[in-house]
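The same chain A turns up in both complexes below, where it pairs with chain B and then with chain C.
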Partner chain A sequence: MKRVVLAALLGAALAAQAETPEQILASYEAQARTRAPGFAGFSATRGQQFFSARHGSEWSCASCHGAPPTGQGKHAKTGKAIAALAPAAGSERFTDPAKTEKWFKRNCNDVLSRACTAQEKGDVLAYLLRSAR
Partner chain B sequence: MRPVLLGVLLALPALSLAHDVPRVPPNPTYQAECGSCHVAYPPRLLPAQAWDRIMARLERHFGSDASVDEPTKRELSAFLSRNAGRRAAPAGEEPRITQTAWFVKEHRRANMRNPADCAACHSTLKGQ
Partner chain C sequence: MQRILVWDLPTRLFHWLLAASFAGAWLTAESERWRDVHVVLGYTFAGLIAFRLLWGLVGSRYARFSSFVKGPAAVAAYLRSLLGGSPEHHVGHNPAGGWAVVALLALGTATALSGFMTYNDLGGHFMEELHEAAAGAMLALVLVHIAAVVLSSLLHRENLVLAMITGHKRGLLPQAIRRPRWIAGTALAAAVVAFLSAAYQGALPDVVQASAHAERSAHHPHDDDD
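Showing the complex of A and B:
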């Protein structure tokens, strides 16, 4: 009996963490609406440009994740293989909001020397969701 | 033909890590947090105080932001100290494994395009 309760609790905890990329996109949309009054939706095209552009630093997102980001990437400095970023290429991408935020924090600092806005994150995710395998 | 074969046979043990780097029980957090961008370098390759210096500035980690949250940082620091080596630490704010006497000696004849990319030659480290 106890085990069943434990399993149910564990299941509930996991369910709270696991989301779909579309749910994560929706949470960025909610953020963008409150922070940018003129918010007019996300754009995959704008996301693609953002992803490929070097924003004054040495790297773009594509430097490590490749373009299109549907295949295996390669770390620009260490050469380490990076699993494909587009959700279409692997079911685990953008299913954990905390992990998604952790990597946006790290990588936006590397590429833009600042945090990304909800608009920018949403545009990039819209682009990644549009990228089929 | 024969010298080539001999060369290949001689090269094989040279690329093995087995006699220098004993296995430590794999730590999933270390693999995930550190092993996403580079090989999860065996903790034994640096002494504890060198790992401390690295962990103290993860947000500026060799030119990249590798920051983690506090609980993760504590877990990683504990894992690294527990399994750290005892050889002397390289100097500098960011100690590099490639600047340890051990690394320099072991790789003195290696032709490395990128010393951070262990898996380029050590095929057993592919995907780690």
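Showing the complex of A and C:
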């Protein structure tokens, strides 16, 4: 019993630690595998299309994060500068799973009026990881 | 006991304007579409809190901190009287409510400061989390406050919501404040109206309203994806 608690605590401590974008991508892959039976991997090309599509509404991801997302973005409403989204741009992007999830939730709601699936998040992250400076 | 003036006009205006700006900021928090409104409401909220801190020093009798920030013994006695079913009647804030005011002002200050820092890219993700935690704690306290107002209104058979609108409560004539402080109240209302209309017209400095800057200096490449 004690060992289980210890392992759980260790797991929680590790979960709070910084991760790499690749680790976050792997966790989306694990999610996509369990939720979508026909999952056939992530596609950066599909991610790119998803990122710049407006999905029947006013904004795309690129409206604020720019295309390509390796440079500084600009908030579509306030015009404020947004640090580059692609991890290759040297930012701390996609190193905190909780922050990643929180902002996917907020921004997917703004662009698609719904939450994104693990497949969509993985595709976008694959595209961002492919986007070199 | 008769109907006497207890809450001066600036205190009442502050109360309802703070409630409105907090509610508005809460409702515009989740979407980037409302980010500009959220920020303007945040500044309004911060300005109101700054006013209240000042008014707590120079306002009329029941608006002053010295009249409602009591020691732990007074708070304990009041809470005991609540449990006993015959609550002490206080003309101004009761001792527990007084501390709720202090806590609301402290959480409001933390919310506004952390929001300002987040919006200006200071303090990073931690500041963003602090902003949400402080606002969430403030909302929880607001709900406790509303429940306490309903409960006290029933226990004392006195409509406290109405009292915060008209300024009048039941009391003895010597307990009344003398003047409603029309001038300070009008000045507060005018300042809020002036700030909001300047924001609406996009006439605020860049630190408040980045969009004004963006529109002046921007090159908007016309892109179908945007």
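Here is the rule we use: the second predicted complex is superposed on the first by the 116 of 133 C-alpha atoms of A that agree within 3 Å, B and C clash if a C-alpha of one lies under 4 Å from a C-alpha of the other, contacts with A are read in each partner's own complex, and residues count from 1 in each chain.
The rule we apply is simple: a residue touches a chain if its C-beta (ideal position, glycine included) is under 8 Å from a C-beta of that chain, and two chains touch if they have at least 3 such contacts.
Please read all numbers here as calculations on a predicted model, not as lab measurements.
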{"item": "Chain C versus chain B on the shared chain A, clash or fit after superposition", "value": "clash"}
{"item": "Which superposed partner A:Q49 touches (first chain B, second chain C, both, neither)", "value": "neither"}
{"item": "Chain B versus chain C as contact partner of A:K80, first or second or both or neither", "value": "both"}
{"item": "First (chain B), second (chain C), both or neither touched by A:D110", "value": "both"}
{"item": "In the superposition, chain B vs chain C on chain A residues touched", "value": "C"}
{"item": "Which of chain B and chain C A:S91 touches, first, second, both or neither", "value": "neither"}
{"item": "Which superposed partner A:A67 touches (first chain B, second chain C, both, neither)", "value": "second"}
{"item": "Touched partner set for A:T20, first chain B, second chain C, both or neither", "value": "neither"}
{"item": "Residues of chain A at both interfaces, chain B in one complex, chain C in the other", "value": "75, 77-80, 106-107, 109-110"}
{"item": "Touching residues (chain side chain A, partner chain C) in the complex", "value": "52-54, 60, 62-64, 67, 74-80, 83, 96, 99, 106-107, 109-110"}
{"item": "List of chain A residues in touch with chain B within their complex", "value": "75, 77-82, 102, 105-107, 109-110"}
{"item": "Touching residues (chain side chain C, partner chain A) in the complex", "value": "30-36, 39, 119, 121, 125, 209-211, 213-215, 218, 225-226"}
{"item": "Complex contacts: residues of chain B adjacent to chain A", "value": "36-39, 59, 62-69, 114, 116-117, 119-120, 126-127"}
